[in-house]
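First subunit A sits with subunit B, and in the next complex the same chain sits with subunit C.
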Partner chain A sequence: MKDNQWKIILAAALLMIASLAGAVEPIKVGSFLSVTGPASFLGDPELRTLQMAVDGINAKGGIKGRPLELIHYDTGGNAREALNFVKRLIQNDKVDIIVGGTTSGDSLAVIPEVEKAGIPFISLAGAVDIVEPVKKWVFKVAHTDRMAAAKIFEDLRKRGLTKVALITGDGGFDKSGREQLLKLAPTSGITFVADESYGNKDTDMTPQLTKIRSSDAQAIINFGFGQAPAIVTKNIKQLGINLPLYQSHGVASKTFIDLAGAAAEGVRLPAAALVVAEQLPDSDPQKPVLLAYRNQYEAKYGPVSTFGGHAYDGLMIAVAAMERADGADKAKVRDEIEKTRGFIGTAGVFNMSPTDHMGLNLDAFKMVEIHHGVWKIVE
Partner chain B sequence: MPEQLLQFLVTGITVGSLYALVGLGFAIIYNASDVVNFAQGEFVMLGAMMAIALLSAGFPLPLAALLATLLTVLVGLLLERFAIEPAAGAPVVTTIIITIGAAILLRGVALLLWGKDFHPMPAFSGDAPIHLLGGSTLLPQSLWVMGVTVLLVALVRVFFNRTLLGKALLACSFNRSAAQLVGINVRVMLRLAYGLSAGLGALAGILIAPITFSSYEAGIMLGLKGFSAAIVGGIGNPMGAVAGGLLLGVLEALGAGLISSGYKDAIAFLFVLMVLFFEPTGLFGHKAAERV
Partner chain C sequence: MRLAGFFALAAGVIALPVLFPNNYFVIVVGIAAGLHVILAVGLNLLMGYAGQISLGHAAFFGIGAYASAILTTRYAWPALLALAAGLVVAGVIAWLLARPILRLRGHYLAMATLGFGVIAHVIMVQATHWTGGPDGLTGIPPLNFLGWSVNNDLHGYGVVAAAMLLAIWLSLNIVDSRVGRALRALRGSEFAAQMLGIDTSRAKTQVFVASALFAAFAGSLFAHQQGFVSPDSFNLTVSVELVTMVVLGGLASTYGAACGAIALTLLHQGLVVFEDYEMLIHGALLMAVMIFLPQGLFVGLSQAARWAWRTARGMTP
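Then we have the complex of A and B:
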């Protein structure tokens, strides 16, 4: 009886496959994201965005009549898993393009495989190393930590502050950010008078901040994401330190304001325009794109995050390239992605070139300040 | 330097009070059953998360704290009744593994109920720091943590030394069969131990949540630190656990401030190892005599 059941199911499955074969061949978009694990708050909105955008494109008839098919795997933030899934996407699922890689670790781990297979890969992660030096098949759409560092220094110079204390966590994002800050400081006329660290699961950073309090710092930079920067922000107020505090783009979400509460008042950070979309002047070409994405996402899932925006940018750049390449031929699509010019995404305006596989400049970041519990653009 | 030192001490004692309360929970259950309850950290998390949930449902703080504590006590009792009691007579190691399983289950339920995000909780009496001498500051919430810890520790002490019920519980820890022979209901005592530990854990969680936030995972590290506190103080000695917790907290703060913040946890755990090397029964533990 059991055997018979299986045969029927098998037959039905075969029939379905046969009927599909008759239809138009879909374009397969592969993705690997950290939907669970420590980076889930990045990967979760990314996956939702991809599903939403793919449905939207298919409802409009797909690319040149061919629908998109999204195939995704959850890496749980584990770089080794990421590599396995990318091999599977390339060899078993035979995808045409890969848009994914939530964390820098996941993205960096799969680059050799992607390069070997010769398949266009648009990474959603932050590290500069992903596209520097330029790799033939690898592109990225998220802001880099170096841009965040440069943007913070630019704002410090405007306020005439040069002596800065640094406090960072022990995660990959934190460490990479710290590296970029230290590297850029000499050329930007900034001196670091303190360089403290904490564990990302720590619940109290007052000892480190006490040391900063007794230094002659004029401002504090905290580079990290998750709950730790919120605790740092509260601890600073708690110790009665009245210095300007800069956070990174890693905390550009409503959660940070909710967690840090009143202590978040006056905190500045470089953020993607998405969080301040409605405050942009109407002449800003990004405004309609941002509002459209945000309204569509929020109608379906709730508060938007900049990370989901990266997935939107990645997929839309890929789609535009496939439209121009008139299909999913890997080499042609790669060339077209590289030719992306003036593409207006949620992260900024992309101008890619053979020497720049990201194509964002410093304008893509807005310096924002938390004012009465909401983001305000600082001019 | 002296003002820095004072700040490190304030931080250390606040965090240490918390470790002390968690360690106390470990000690009580260990006393009653020789079992290390690895779900103790989850009691702390549950207390905090339930209080936050009740607060956002509109309950006033005292009521939310009370209800959250009672609910956590209920969870502790259910855990004892449906997971620990059926395994009565099983080796201690089996029971410990059951508590690890329970911890994972509780974490999973919390994840489903409240998601992966961190949740904030408002401070009991405002966020304005109190200035001490030399520029050091103290949060009103730290005073709450220290004050309530002192109160709870005193109550636990009175309970064990002055009340019949407490003495009966203590009797179970010395010799279970003898306790049963003099008419103590060992089973009820065990439930009492779990309920008491759960309640203490929940209170610790509610006290600290305004300072550290809470999430479904918050209990793991707290549980480990509380366990270390209990070991340092000599497992099974409630007052030892309290001393161990305070010592651990102050050491961590001094380590982070004076040596390197990166080695904060390493310093704490190194201290635990040193204690175990030189005083295997803990700083305040009884010298165990092997019965033959």
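Then we have the complex of A and C:
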């Protein structure tokens, strides 16, 4: 009798396995994000966006009838973890595509592994080095620090300002931004009259700013993210320095305005159109995409940030490529991602090519100014 | 007989990839665990046997890694030579540091080593010209033994496993030597050890240097295995994790340190699935081990195994 019971259970189990195998196999999207740690304000909206977008796609029937399955790991902003998790995604979870890499450090660390395994990888991080020189399997969707530098210089030239003071932190984003600014300056007719640095955990930057005050700078550029730029902004007002202040796209979130308070008035920065979506003219092709993403995100999680938008762009480019490739074949999907043209995302309009694995141009950035606690497009 | 445990471990290390070929949890996690074992075993010499604390051990790990990274990528040195250079650099720094630092005791020693670790990390971040700054250095070539290149994870597992066994064997021998006995006397009471004719400051310097060499060795392997290095692999958190491994596994036992290193590596991989609750569960488990197995995981587990063995034998007629 007991023997029979076991046989029945076994048969039932086998039947279940068989029916599972017969069901449509999901397309596996792998992701590694810095959901905790110092870059969590980037990684957290990215993860939420991915989950929201995957649910949305599955509700509509998936890709050619196959649902998406999201497998994600938290790197805590540690590049060593990133590499191990990417190996896990590739070897253990056998994902079809990877969309992730919150920080440049995380993304750069996994590139050799991704190239070796031959799996399409769409990075959400900023550094130019990720796609320059072009790597066969690696793409990126976030604006680069070089674009931010170029946009800031463009605005400085319009205002006729040429002597600029620079103040940056000691993080990867800060250092990479500083490098691009210094590299672009000579060809843009900008001279740096001061180049100060601070630790990203510092709570007071007045010594550096006092030095800047005594220089003959006509404007100040602060490249960084997190709390430090807000402190710099406040310190500038406290010291009574009356120079135009430029921040980077790293602070394009409501948190910065909240942290810097009244001192944020008049601060300019290059930002993705997402933060000023409703101010765009109706003729702008990006407007409906931006509003749709923002409304969906805010209905679920609260204030939107441009960083979550990168995850949305990355996933949607991948989905569009898989639709065109008629499945998840890695080589075909890679080719189709490279053929992405006129794709309207939250960061701008993407036109990728074999020589450009990002596909954004300078128009993707809007120069915005903080005015009474809200972003305004600078004409 | 003395090395019975060692041979059992070696057999296990060899059997795993044979039984589970191309398994992520054996190969990739195994490499991480193996490197942690080398680090923990080295730190245990200093902490467990000599009774000196180091909260800056990740710095030596980093020195080895960066020496290999910089010499192979910027100066095209052969990997083995770079590894040797890393050992020399770490050894010299440890020797220079040991005399002034190891005069300190207790909290002061902890503070000094912590300061050293922080300074090393700041240099890795700030000396962009050499270290590549916060994003680190990429493009480090794999290890190469006379033309045999360690270019896949299975080969990497083999190299790290061999290195780990070497580290454990070395540690077992150091502990059982005259120096090892001197160290244990030192931990018991530095004053009494001096009375017995032990040159305590020399013994402390030796063990500090040995411990740094273990870490630098692991660092070089790590750099070649990963193909990149960045400062956040060598920060204060890593130093604290290493101390945790040694204490968790059981102080003053080579196998204990190895056990702690493996347990903590696996724990992290296993708890990832809990997402937001990972840290909570991680902390709770560590607390539970320290409360219920105060002598460490290794002693606790072997006692449990012995008890189980005895009861099992008692039950069968």
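One rule holds for everything that comes next: the second predicted complex is superposed on the first by the 360 of 379 C-alpha atoms of A that agree within 3 Å, B and C clash if a C-alpha of one lies under 4 Å from a C-alpha of the other, contacts with A are read in each partner's own complex, and residues count from 1 in each chain.
Operating definition for what follows: a residue touches a chain if its C-beta (ideal position, glycine included) is under 8 Å from a C-beta of that chain, and two chains touch if they have at least 3 such contacts.
Since the model is a prediction, treat every value here as computed from it, not as a measurement.
S.K.: Between subunit B and subunit C, positioned on subunit A by superposition, is the outcome a clash or a fit?
M.R.: fit
S.K.: A:D170 in the overlay: touching subunit B, subunit C, both, or neither? Say first, second, both or neither.
M.R.: In the superposition, A:D170 contacts both subunit B and subunit C.
S.K.: Identify the partner contact of A:V114: answer first if only subunit B is touched, second if only subunit C is, both if each is, neither if none is.
M.R.: Neither: A:V114 stays clear of subunit B and subunit C.
S.K.: With both complexes overlaid on chain A, does A:G240 touch subunit B (first), subunit C (second), both or neither?
M.R.: first
S.K.: Is A:A263 in contact with subunit B, with subunit C, with both, or with neither (first, second, both, neither)?
M.R.: In the superposed model, A:A263 contacts subunit B only, not subunit C.
S.K.: Between subunit B and subunit C, whom does A:R88 touch in the aligned arrangement: first, second, both, or neither?
M.R.: The answer is second: A:R88 touches subunit C but not subunit B.
S.K.: When the two structures are overlaid on chain A, which partner does A:L70 contact: first (subunit B), second (subunit C), both, or neither?
M.R.: The answer is neither, since A:L70 touches no partner chain.
S.K.: Looking at the overlay, what does A:I231 touch: subunit B (first), subunit C (second), both, or neither?
M.R.: It touches subunit B, and subunit C stays clear.
S.K.: How wide is the angle at subunit A between subunit B and subunit C, using CA centres, rounded to the nearest 10°?
M.R.: Once the two structures are overlaid, it is 60 degrees.
S.K.: Considering only C-alpha atoms, give the closest distance between subunit B and subunit C in the superposition, rounded to the nearest Å.
M.R.: Checking C-alpha atoms only, subunit B sits 8 Å from subunit C at its nearest point.
S.K.: Which parts of subunit A are in contact with subunit B and also with subunit C?
M.R.: Dual-contact residues (subunit A): 170.
S.K.: Residues of subunit A touching subunit C in their complex?
M.R.: On the subunit A side, the touching residues are 36, 73-74, 77-80, 83-85, 87-88, 91-92, 104-105, 108-109, 111-113, 127, 129, 170-172, 175-176.
S.K.: Using the touch definition up top, name the residues of subunit B that touch subunit A in the complex.
M.R.: Residue list for subunit B touching subunit A: 3-4, 7-8, 10-11, 14-15, 116-118, 120, 122, 127, 129, 131, 135, 137, 139, 208, 211-213, 215, 221, 253-254, 256-257, 261-262, 264-265.
S.K.: With touch defined as at the start, can you tell me which subunit C residues reach subunit A in the complex?
M.R.: 22-25, 27-29, 32, 125-126, 128, 133-136, 138-139, 153, 226-228, 230, 232-233, 272, 275, 278-279
S.K.: Can you tell me which positions in subunit A touch subunit B when the two form their complex?
M.R.: It comes out as residues 40-41, 170, 196-199, 201-208, 210-211, 213-214, 226-227, 230-231, 234, 237-240, 255, 258-259, 261-263.
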